[in-house]
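Okay, got some structures for you below.
You will see subunit A twice below: alongside subunit B first, and alongside subunit C after that.
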Partner chain A sequence: MMSFCQTPADLESFAWFSCYLTTANHFSFYWSFITVLLLVFITAPVALLFGFGGAVAKRSTIAPLRWFGKIYTNMVRGVPELIFFLFVPIALDQAFEYVRYKLLCEDSSAPVYQGNDFVVCAAAKLPLSTAEAWVHTTYNFSLAVLAFAIVFGAFAANVIDGALSAVPKNQLETASAYGLSKRQTFWRIHVPQMWGYALAGLSNLWLILIKATPLLFLLGIEDIVYWAGYLGKTKTSFFAYPHGDWRLWYFLALLVFYLAMTYGSEKIINRLSRRFAKGQATLGANEDKAVAT
Partner chain B sequence: MSCSQTIVDYGLRSIGYGERLLPKTDITLCEQFVLIGSGMIWNIYFAVLALSLGFMFSITLALGKASENPVLNRMSRGYIFFFRGSPLFIQFFFAYEAFVLLPKLGVDINLGFAVINAETRWLTKAWLGALIVLFLNTSGYAAEIFYRAYRAVPRGDVEAAQAYGMTGKTRFWRVIWPTMLRIAWPAYTNEAIFLFHATALAFFSGFPAWRQQGDALYYAKYFNDKTFNPFIPYPIAAFYFILFTLVIIFIFGLINKRLNRHVAPSQRQSIRYRPQFLR
Partner chain C sequence: MKKFVAAAVFAAFTTTTAFAADVVRMGTEGAYPPYNFVNDAGEIDGFERNVGDRLCELAELKCEWVKNDWDSIIPNLVSGNYDTIIAGMSITAERDEVIDFTSQYFPPDPSSYMALSGASADVTKGVVAAQTGTIQAAYIAESGATLVEFKTPDETIAAVRSGEADAVLADDAFLAKFVEESGGELAFVGDKVMIGGGIGIGVRESDTELKEKLNAAIATMKTDGSLNEMLKKWFPDRPDVLY
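So, the complex of A and B:
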């Protein structure tokens, strides 16, 4: 906060803007960009892990595990991901509270769905109603991360499963001819070669993940969409910095942010795919592979 | 109240016919099924119109991206990057705010037999505004698919056409176009499915629902807010979406069959669902 910002009404336009753009609310707005980046960078490895687990489960020789993998990878087909984003966090939240309800409440015989309400005793509430605000925020954020990771994990499982099938059979046969066990073949031959095939699909998912982040708004997190809408609204003279309806400009800034993220990612992905193609006996090794987005 | 009565009351609720008030207490399973199904009318409306309008525009864009004219090329590339590089969700918000700021003008369009009054106010309503956004968005995605298909047309086919003396338009419509469409079709089917799924965003972003007339997800969320039980309305909405996804796959599969009718069965491309195009 600059000292001359005490009386914004008398300021020239440049000074007015420099004050306007450094208000506490604007810093919350800038912070929400970091939230988005945080979400992306936490979700991506978790989703990759889920995806790898799902793909391995789908190819497992143990039937129940295989069924689970099949259900998980097929779950995202045919249903808009939006429904998952609305459904998964609430369902997870209620599941957690239900488990705590059975464990922590003295009288856990009453049904949790009482008419139109989901009722648990105070001790089972998650987070506790006495908890500080940041606990609530973190809890909501982790639910969002989990929802994103589950949905994108299912997408990643599809990609990794395809990539595992794409590794040439003779590679694996050669490995077993050399006397490698199944486990050794999988970890030393199959998985390292799989990444090259999975890269195009996974980088696609990365771009999609970036573009899915505004859905945080629907989960009730104060993200960039929320702040853009809030800050852009018409401010009357009751406010320190009155202005008209500027939401158009705030959303334009968001558009530019996402376009820049996409542009930067595409550059990095192109470089990565060139590196992965090195030493591969595929057509793509000799030409620049255009990454499908 | 019997279920058939509910169907009469709420079957067309999403487009303004039937009972005015939504159920508030003692919500039955039948009411959820009927009302969410009624909301699907909107999803189908958006999907059908955006896809059929977007198909033509996307091919223009794809040819623009493939063209050697620098102006056309740059413009098409920029358009495709813009709509594929930013979230549809933000595009909805941005478009809504832009439409709101437009001056409230009315233009009379004389069709000869009737006069239509086109107002800019209509752009802020979901039925037109959201449709325009979906149309522009799907055009961008589909254009990229058709552009890639265009590049994948075998060179030999084009050279053969040239050897037969075909040039310009004849060569395009007789040789390039059918092959391009055939190559693009499986990917375009996926695009159609994802556009259909994206219609669920329309009432969740900038565009408000007018008189509680919304799409399937709008009603699913309504029931969730009323009953605090997500395990019934969302699976119902998911059920409807899966149902119509199967319908899309069926229709596009028939078209795919027709496009591939001259190709040897072993070389035909089947439609494979690849969840890689959501926005």
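So, the complex of A and C:
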């Protein structure tokens, strides 16, 4: 913060803006871009893992596992995300606190649900109410990652399941004719070929994930959309830098960010898709040749 | 994976079981000036920040401020993510079924309709905006007007400016600054309506101890005049809202 920012009301427009754009709130806004990137880059691999697990469970020959896979994918995909995010992080939090309640509280005989309230002793709180603010933020952030991974994992499971089914059967038959075991066939033939079919669906999910971060605010994490809305709204003279409705400008900045993300993602996805198609008897592989020659 | 995450979370937090003084986490929305808002320094500010800090001092509690979305402000309270709601929340019978309220620290205050000046908004028939889950939204729904709801208070104002809604119904003190600084663009219309039973601090029903502590502190603030001072500071145009 520069020294001349003490009395913003007297400043010329250039100085005013240089002060305005460096307020603590604006730094929180800039920082929230990193939060969002961190969230999507952590969530994506975890969701992919959940999705892969879900798809394998769904196709399992073991009935209970198959049921689990089907219930997971259908239930999670069927529940609106807003409701999911209102409910699941709170439920997860309560589940963690319940376990801690049984382990850590001296008197764990009282019911945890008293009317509408969920009550555990102070020692079982997660994080402890004495914890620093950053611990709370990190904890909420982990809950968010987990919730996002569960939701997007369910969608990914369906995509991967479909892709596994799309791999031509004769590929697998050839593998077994070469003497590969079931496990080898799955990991060396089936899964590597599956990616090519799954990529389009997974790339959709990735782009949706990037845009889904405003749901974070339900967990008290401030993402870029929250800050853009907050900073852009009409500020009356209760604030040091009063201004009119500037949301348009802030959201234009977000538009640039999102388009840049989409552009970058598209580049990487195209590269991946060429790589997965290599040597395959698919149209994608032929396109690649046409480009190369 | 889930197990691993859970295990990691437990490991991270089980090691820190030392207790300082009890910390009371104060939940607020941070988007409703002058009641509560986030100032340019990124801190929660406003009338309720002052009241809350003073209450904690009087009740000898260590308090920390938490910002939470209005939509999920009650679920997070009953789930124990913070211990109080101090967010301009009017005491209503409906909310009282789910949570408990302390005695009021802001008297029952009329809500006002605000519209574009010059527009002949009929507030009992037209389209009226309000924030979701507020007493005003409930009131409009029964008044015969068409209700449009928005997640944040600011969006309700933007809706009036853009013509999406004919008027907005909100707490008088919240709207006053917008009317005053709009340069004649916005004006109060219609009659004020009396809804809600004053603003109190929301606490969990099982948290009777905290409720009593806060009630005692609120009573002290009312008698020693410090509450009136804060009301004068944040609501200078409203000499009628004193205790």
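What we mean here is this: the second predicted complex is superposed on the first by the 263 of 293 C-alpha atoms of A that agree within 3 Å, B and C clash if a C-alpha of one lies under 4 Å from a C-alpha of the other, contacts with A are read in each partner's own complex, and residues count from 1 in each chain.
By our rule, a contact is a pair of C-beta atoms (placed from the backbone, for glycine too) under 8 Å apart; a residue touches a chain by one contact, two chains touch by 3 or more.
Note that the coordinates shown come from a computational prediction; the quantities given were computed from them, not determined experimentally.
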{"item": "Three-chain arrangement built on subunit A, subunit B and subunit C clash or fit", "value": "clash"}
{"item": "Partner chain in contact with A:Leu218 - subunit B first, subunit C second, else both or neither", "value": "both"}
{"item": "Subunit B versus subunit C as contact partner of A:Ile90, first or second or both or neither", "value": "both"}
{"item": "Which of subunit B and subunit C A:Ser28 touches, first, second, both or neither", "value": "second"}
{"item": "Touching partner for A:Asp245 - first (subunit B), second (subunit C), both, neither", "value": "both"}
{"item": "First, second, both or neither for A:Val46, with subunit B first and subunit C second", "value": "second"}
{"item": "Which superposed partner A:Leu126 touches (first subunit B, second subunit C, both, neither)", "value": "second"}
{"item": "Touched partner set for A:Trp134, first subunit B, second subunit C, both or neither", "value": "neither"}
{"item": "Which superposed partner A:Phe14 touches (first subunit B, second subunit C, both, neither)", "value": "neither"}
{"item": "Set intersection of subunit A contacts, subunit C complex versus subunit B complex", "value": "86, 90, 94, 116-118, 217-218, 229, 245, 247"}
{"item": "Complex interface listing, subunit A residues touching subunit B", "value": "76-83, 86-87, 90-91, 94, 113, 116-118, 155, 158-159, 201, 204-205, 208, 211-215, 217-218, 225, 228-229, 232, 245, 247-248, 251-252, 254-255, 258-259, 262-263, 292-293"}
{"item": "Subunit A contact footprint on subunit C (complex, rising order)", "value": "1-2, 5-6, 9-10, 13-14, 16-17, 19-20, 22-25, 31, 33-34, 37-43, 46, 64, 66-69, 71-72, 75-76, 78-81, 83, 98-99, 152, 154, 157-158, 161, 177-178, 180-181, 204-207"}
{"item": "Contact set on subunit A toward subunit C in their complex", "value": "23-25, 27-28, 46, 49-50, 53, 86, 90, 93-94, 96-97, 99-100, 104, 114-120, 122-123, 125-131, 133, 135-136, 139, 142, 146, 217-218, 220, 222, 229-230, 233-234, 236-242, 245, 247"}
{"item": "Contact set on subunit B toward subunit A in their complex", "value": "25, 27, 81-82, 84-91, 93-94, 97-98, 100-101, 144, 193, 197-198, 200-201, 204, 217, 220-221, 224, 226-231, 234-235, 237-238, 241-242, 245-246, 273-276, 278-279"}
